Amino acid sequence: MKEIRVGLVGCGFMGKAHSNAWLNVAKFFPLKVKPKMQVACDKVKSIGKAYQENWGWKKFESNYKKLLKSKEINLVDITTPNNAHKEIALAAAESGVNIACEKPLAMNSDEAREMLKAVRKSKVKHMIWFNYRKVPAIGLAKRIIEEGRIGKIYHIRASYLQDWIMDPNFPLVWRLQKEITGSGAHGDLNAHIIDLARYLVGEFDEVVGMDKTFIKTRPLVEEAAGLAGKGKKEKGKVTVDDAVLFLARFKNGAIATFESTRFAGGRKNQNQFEINGSRGTLAFKFERMNELQYLSLKEPQHLQGFKTILATEPVHPYVHAWWPPGHILGYEHAFVNAASDLVESIAKNKRIKPNFEDGLKCQQVLDAVLKSAQERTWVKVDEM
Amino acid sequence: MKEIRVGLVGCGFMGKAHSNAWLNVAKFFPLKVKPKMQVACDKVKSIGKAYQENWGWKKFESNYKKLLKSKEINLVDITTPNNAHKEIALAAAESGVNIACEKPLAMNSDEAREMLKAVRKSKVKHMIWFNYRKVPAIGLAKRIIEEGRIGKIYHIRASYLQDWIMDPNFPLVWRLQKEITGSGAHGDLNAHIIDLARYLVGEFDEVVGMDKTFIKTRPLVEEAAGLAGKGKKEKGKVTVDDAVLFLARFKNGAIATFESTRFAGGRKNQNQFEINGSRGTLAFKFERMNELQYLSLKEPQHLQGFKTILATEPVHPYVHAWWPPGHILGYEHAFVNAASDLVESIAKNKRIKPNFEDGLKCQQVLDAVLKSAQERTWVKVDEM
Amino acid sequence: MKEIRVGLVGCGFMGKAHSNAWLNVAKFFPLKVKPKMQVACDKVKSIGKAYQENWGWKKFESNYKKLLKSKEINLVDITTPNNAHKEIALAAAESGVNIACEKPLAMNSDEAREMLKAVRKSKVKHMIWFNYRKVPAIGLAKRIIEEGRIGKIYHIRASYLQDWIMDPNFPLVWRLQKEITGSGAHGDLNAHIIDLARYLVGEFDEVVGMDKTFIKTRPLVEEAAGLAGKGKKEKGKVTVDDAVLFLARFKNGAIATFESTRFAGGRKNQNQFEINGSRGTLAFKFERMNELQYLSLKEPQHLQGFKTILATEPVHPYVHAWWPPGHILGYEHAFVNAASDLVESIAKNKRIKPNFEDGLKCQQVLDAVLKSAQERTWVKVDEM
Amino acid sequence: MKEIRVGLVGCGFMGKAHSNAWLNVAKFFPLKVKPKMQVACDKVKSIGKAYQENWGWKKFESNYKKLLKSKEINLVDITTPNNAHKEIALAAAESGVNIACEKPLAMNSDEAREMLKAVRKSKVKHMIWFNYRKVPAIGLAKRIIEEGRIGKIYHIRASYLQDWIMDPNFPLVWRLQKEITGSGAHGDLNAHIIDLARYLVGEFDEVVGMDKTFIKTRPLVEEAAGLAGKGKKEKGKVTVDDAVLFLARFKNGAIATFESTRFAGGRKNQNQFEINGSRGTLAFKFERMNELQYLSLKEPQHLQGFKTILATEPVHPYVHAWWPPGHILGYEHAFVNAASDLVESIAKNKRIKPNFEDGLKCQQVLDAVLKSAQERTWVKVDEM
């Protein structure tokens, strides 16, 4: 493809991370085809318009259907809340527009399967933004595993800890409403660590899990805004989980604990894992995202220890595009890295990873965990 | 009680930690009653005799029954493999001898219940050596919780990671044989983190778990010793778990993940936990046992962060007896601290904590997890 | 000022960091006046032209004098090697163009004084890019000091450690040639930690120091490039220091050690300091630039400890413009933050900090250290 | 020597660490000759007697001269304040009694030289208790250096930070009085890091330093005790330094910063160093004394990083005598390790390291620094 004209649908928090990626990717990466920031789209015109201007998107459009039919773009980037992913993706596939979609892919695996079917049929390119795969330290973990340096994997213990809704007076935002978001910490956070486990360890076999909602009612958003004003504040029901925990068996024999929660005080965005294999161990914490811990059991006994690899060398994934060693990277760099992979894949007509298949497989694990939580027993993960 | 005359049964690894405790406790702690190292006992005379002389026990005796009847001691310290705990404890109770027993209390909760019944009937004092409760940083965690500083507890995630049997040629020692040890990582390591969870969080309600044996056969010990010699080495079956993972609900609403394994490469003795409450978080790792991590959500926003408290101040539990601030303590100090509590309790005729009740309650959780692993569903923890 | 039209002189490594800042600053910060990327300038046309296009500067110009006279810009950003700073700044001052200049301000304090005099005379705005002041965690350190939380300062120990020229075959680049760069680790790295010490502790009184060049000759750059080719490679003399160490007394009574080196293996960009005051301590390491260590001696004894503050909260300096808590920032964000301050200051006609005065004062300390190294005794730092 | 009969002179804080060592050394280490705790000696009878009984020394004696002449002991262990070291050591040498002396060896290098001369003449064995050499992680550092793994040494930066006298109302104890202790942080703390530098890096060539006393008067001890009582408290003059900082050149070309202070809030006993060589780096902090940081520049680029070696493996120095891997050691273990070396050396009639020569050489560096501080210039370190 000679030209990549991007349209972004959804001008909220994730839209900011994506716009930054589109703005900067061709400045840092030596891309043959430079993506054009063509159209920003949001159904709320007031928000979308300001956003378009700020980030330098060429045009604004409030109707995504029009946008998809218009030929103005050949890549749509979906950053809306989860309940709109499917309809936009299906429309894009029908219009022959390539798709990059935020995670989780859908509200459940039925939706995800439908989306995968549609992109396969239309043969458009499809990517899912599992940004953590694009963190250099995690790419390095993948390389170390592929080099055989940790051997056969026995364990992964992963957790994704946040604390932003711990205050019982934090309002009932859309991320706490099931009909919009599907689930709480589960789809938001477990989706990430499930994907990383699939990336680094392998496919899931079966799971057993539980969910919990600690704070069951919260002030409505309107009320929250007007708190200072009247007297009583109206509350609404929280319809998603605050935390979901599960155990897992992988097809290759590895076993695991997983946990996502929004009630871990002081953990702001702690996406962390440790993987133990027959030849060594890897460990990662996002709040120190430039560092990878690695221990090799094959070194001389008196020298063995956990090594903190500062993944800022040119030999580390993506780093050649950025700064000299020791000049650390931040959260949004992973999105720029992902955009670089996406552009390269489209330009060279290659398969993109991760894609809607990864999105579906992640969703199948998510669904199995919720089913297990209801049925109080182990549940096999569906195969596509 | 005016005089405490100790008899130690079991002269292996744990015996060393206990002898050190008895030797040093009255040097560091200002005890009114100073325990006497009266008799060391082991059924293997050659081992026991050398041990008795090295550590300065006054006498040696190979028959624990004789020892218990002899009136030479009024406190028996049991450090044998697990399958001998019950018979020794019952005999001691019958002889009216106070008892300190290594963990886990017994092979299963039936045995543990019988032991508790016996000590209650005979009214001897009874302690179980959950040494980690006696680590100053963990005592400090308890104090911080009791001061209300972390509020209502939402989560504990605990794991106890080791790696000493990862080599498939590591031999089939007694700790890998079910009839002697009961279970593998489960009774050895999960026992500790279950006890700490009970100490710091509260009583368990229900659990769901799984177990795994990664290496299913191993060289017999005799063979292992003779490895250099012949050609083929004979192997035997590993009859215990290498790792046991479980989820838990507590009666107070907290939820948890637990994991113990001997297959976490590079983790030597990593007994670690994090507890998240409505007002703050605590975290601990044994390999940095002098440090407690504490975060308060009640501090000014710009100053919040995880604090590393070096628990070596005189105000921290047990530290007044040791060295000045910053002069750190090691593994065996927890046993000396425990011995100090034990002697004080006996001398002042007070109840000892933790005791056989704690031993039984821990065993009930251990049993529930194993049952759950077999039945593949959640299991309620028995109440005494 | 209603419009800020930027011209950048020097299209090398620092130019990249600056271009990124100009490109992104108005996307993240809600600036009233949005800077325009007007002209990129470099005397090497081939480099400069490609650079201009990549970063989206509107025009290219190879002659900085023309540029300054052209009225096309009203702010020049100087990112050339150090030996060109003075002439460009003097020309800009003469043309009434505002100036942002990379550090160190000049080759020595005579040059720096001349530059300060020129900008004062012409009344243009002037800034020096000491980017580390703009790291949120360091801004937080400043706030904590200003709140009186560490009390009277007793000590600062600062070091800036790198390792990029440790290989004796690393070639004789311009940063190793005195006539271009002035000094080695001293002007490059000590300049930063001297500025931070002035920012956080106060003014220097006297210093005693030493310098060292470990590798005295290196392959010439041309030769280095052609290494694979011929046989013998020609070497040239390294004319700058590899490391400079010094002790200092501050006017407020604080005492200090400082060290900068390019021979600390494994330390990639470790700009670190610890400040001890009568009420507490602060510590920082750039390789974990999102974290500030803070200990208060005023907390209850049993709770005292070093706190790791993750400086990613909206209440921390500059963070409101970026991402949610725990979504960490990287090296280049400090330049964007600096650009934001610069634009705001010019727009609102306010004094900019740090400025050429800070540049001169830093240079006076640098000079005093070199003099001390020659004379082997303590040297008073000049006052402006 | 078939029998080692120890007499300890000085029953204060260091006496406790030493008594613990004598009590435990033969329990853990398989010594052929087991030292006997024969006589405890202190000029204050009330203190010494209680101490002797607590620690199980066989006899008490208040007059060290009598003790040395009595033939009851053949090894004297000197743990008095520094101003008494010389006279006791000279008397011991004259009586043909082997000597272990606490650091610093003497009040100055003249005294130290006299002591060395005396022990050489009398041919008694002599050791100085530089306990940090006996920490396993530091022994491991020595081994790594000797294996050539960090190559030619460029840098050491060492500091020893404490905070126990920061309160201006902390009383004027003997450690703050020059006539008893010689110097403040300098002899107490710099002595340790100078010795470690000599052990790990090599001999000093020249130094330049400074000293500082932050709090110049303090309540007299008697007054301090009676604070609650009257009104005004009498103060006395602090006659030693609170902090001493210096730069150094080593004979092998390495350069260094050193700093010791008792005014680093929150640093309790932070004896720390980093050593950079041409092939790698080592770093150590006492408050995590079981860990050694090691980075090798010879590993594959993508795997380089600082390794945290937990020095608790049987292959690490002294650890075979203690506990299994991951069961960490504390402050006093280094003294037990030292006692083990001492006993072995005497029993096998081998030279002990470190000894009075090391004591003198350390003292010569201490003296040169103080001279430099007075003369405000570089000072050559004397050679013996």
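By written order: A, B, C and D. Residues from 1 in each chain.
Operating definition for what follows: a contact is a pair of C-beta atoms (placed from the backbone, for glycine too) under 8 Å apart; a residue touches a chain by one contact, two chains touch by 3 or more.
Treat the numbers as computed from the prediction; the structure is a model and nothing was measured.
Of the two interfaces, B-C and C-D, the higher number of touching C-beta pairs belongs to C-D. Over half of the residue numbers found at the chain A and chain D interface occur in both copies, marking it as a same-residue contact.
Checking A-C, B-D or C-D against A-B, more than half of the residue-numbered contact pairs recur only at C-D. Separation between the centroids of chain B and chain D, computed from CA atoms only, is 36 Å. One inter-chain figure worth recording: chain B and chain C are separated by 54 Å, centre to centre, where each centre is the mean of the chain's CA atoms. Look at where the CA atoms of chain C average out and do the same for chain D: the two points lie 41 Å apart.
Counting only residues that touch two or more partner chains, chain C has 267, 304-306, 310. Partner chain B is touched in their complex by these residues of chain A: 150, 154-155, 157, 159, 161, 163, 166, 208-210, 212, 214, 243, 245-247, 249, 253, 255-257, 259, 261, 263-267, 274, 276-281, 295, 297, 304-306, 376-378.
Against chain D, the residues of chain A that register as touching in their complex are 140, 143-144, 292, 294, 301-310, 313, 315-316.
Every residue of chain D that touches chain B in the complex is listed here, in rising order: 13, 17, 19-20, 23-24, 26-27, 54-56, 162, 164, 267-270, 286-290, 310, 312, 323-333.
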